[in-house]
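One structure follows; several queries about it will come next.
Labels run A, B, C and D following the written order; every chain starts at residue 1.
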């Protein structure tokens, strides 16, 4: 268990993340690991997990990673590629790593994978962060 | 009112979109307009609308636009820039337009704006689509 | 002919753009139109115009558009989709338009098309700008 | 020295890469390392290395990595973030790594850094590839 930091406090206040059942496993030093189960409420008109919810999951991992340093940091943008569809009941893991920080900016990569298999990738996400409080 | 097309049928089956209260105003010819109200369940740990929900809204508009042609079309990826934060009670509009189609691929731009003011932009989204059924 | 502005002066100093034979047709009010001919020096190992040169062309149009307002503005990043290959002898046009400006940031879209046909698209580019001088 | 593979043969035919003085150091197994010196011909109107040439360098590393497997593979798109400017005389290294392959698609990350210091990052690039020959 990590010591509690700004990322933990932020996730506690994140109602949207709670509604999605997102669980913070680890956040420290610009890295974070979170888990989420795909529920029947998350499917789109093609009966697959809605890309928006998958994005929200990755985005929450990104937020946990970039806020683990302390200062309030927000997303300025992101790029996502959907690799394979996710289905109801899939247990997803999001692993966020810091790629680079420069000035008040940062770039973080998030991989979302399925059922504990890091090679069974659901999406790849690259987020751009900006620290708004020094 | 548009005649009903594949986009309308898809949205009717989109449980995730229903949960978010997303309303389809128009979808035809590669374009779509949708609306959504930011609720108290959509805020993140900074008390702003979670980027993931805003993305989900834009992504739904993108899906409505690219499926309005008929064949089943899915998102292969997207790029999003967050312009201004959204708050509880904001009435959001997403307008999706088709930029180009080539082979089974397409590029669609979505602008999300606030309270009926097209210049009060919340996010800019560019989605990449792929048709999986001819 | 536009009146000369910061974009024109910038392009005159842009040695790289001169080497590529890029010609500025118009730049004002956040918009720009440029032309370039694909030469035998621009092909890659697949005998098609190198994506890097096509990107450089789009990026130059983006720079002309965002600097047409006056203050020095640089690219913080970009997203590009390659639509169709370009060949030696193709006459390319890049049209850059401003999508949104917020604070010191901006988003610009550039379409590169071939031989005067706006529907014969070579690439779609979205650039993120940042003004570094007020 | 690697054994020669498809990436080496491709780079030999890449006139654009030769014009830029790009040197292939290594390419195998989905990874590649290349070097390039910033010359006086590569500067833009702000007297910094033109983003287009930096992109071309990263894009060439991406092409070497994704073609090192053998089948002809092209770029379908890319996302780039410019981290710090590069100046005439800078010795740049591009390191491309494979993130994921799925079907005929792949995602590759390229970091360009300066003067042998991997922490002195010039740009971060994420490319999307598509294999066109099985």
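Going forward, a residue touches a chain if its C-beta (ideal position, glycine included) is under 8 Å from a C-beta of that chain, and two chains touch if they have at least 3 such contacts.
Computed from a predicted model, the values in this text were never measured in an experiment.
Of the pairs listed in B-C, A-C or C-D, the one whose interface repeats that of A-D, with over half of its contact pairs matching by residue number, is B-C. Simply put, of B-D and A-B, more C-beta pairs touch at A-B. Each chain gets one centre point, the mean of its Cα atoms, and the points for chain B and chain C are 28 Å apart. Note: centroid distance chain A to chain B, computed from Cα atoms, is 21 Å.
Distance between chain centres (mean CA atoms), chain B to chain D: 34 Å. Across the assembly, chain D contributes residues 77, 79, 81, 128 that each touch 2 or more other chains.
Across the interface of their complex, chain D is touched by residues 79, 81, 83-84, 99-100, 102, 107, 109, 111, 121, 124, 126, 128 of chain A.
Those residues of chain B whose C-beta lies close enough to touch chain A in the complex are 9-17, 19, 40-47, 50-53, 55-57, 59-60, 63, 67, 72, 74-82. Contact residues on chain B toward chain D in their complex (touch as defined above): 77, 79, 128.
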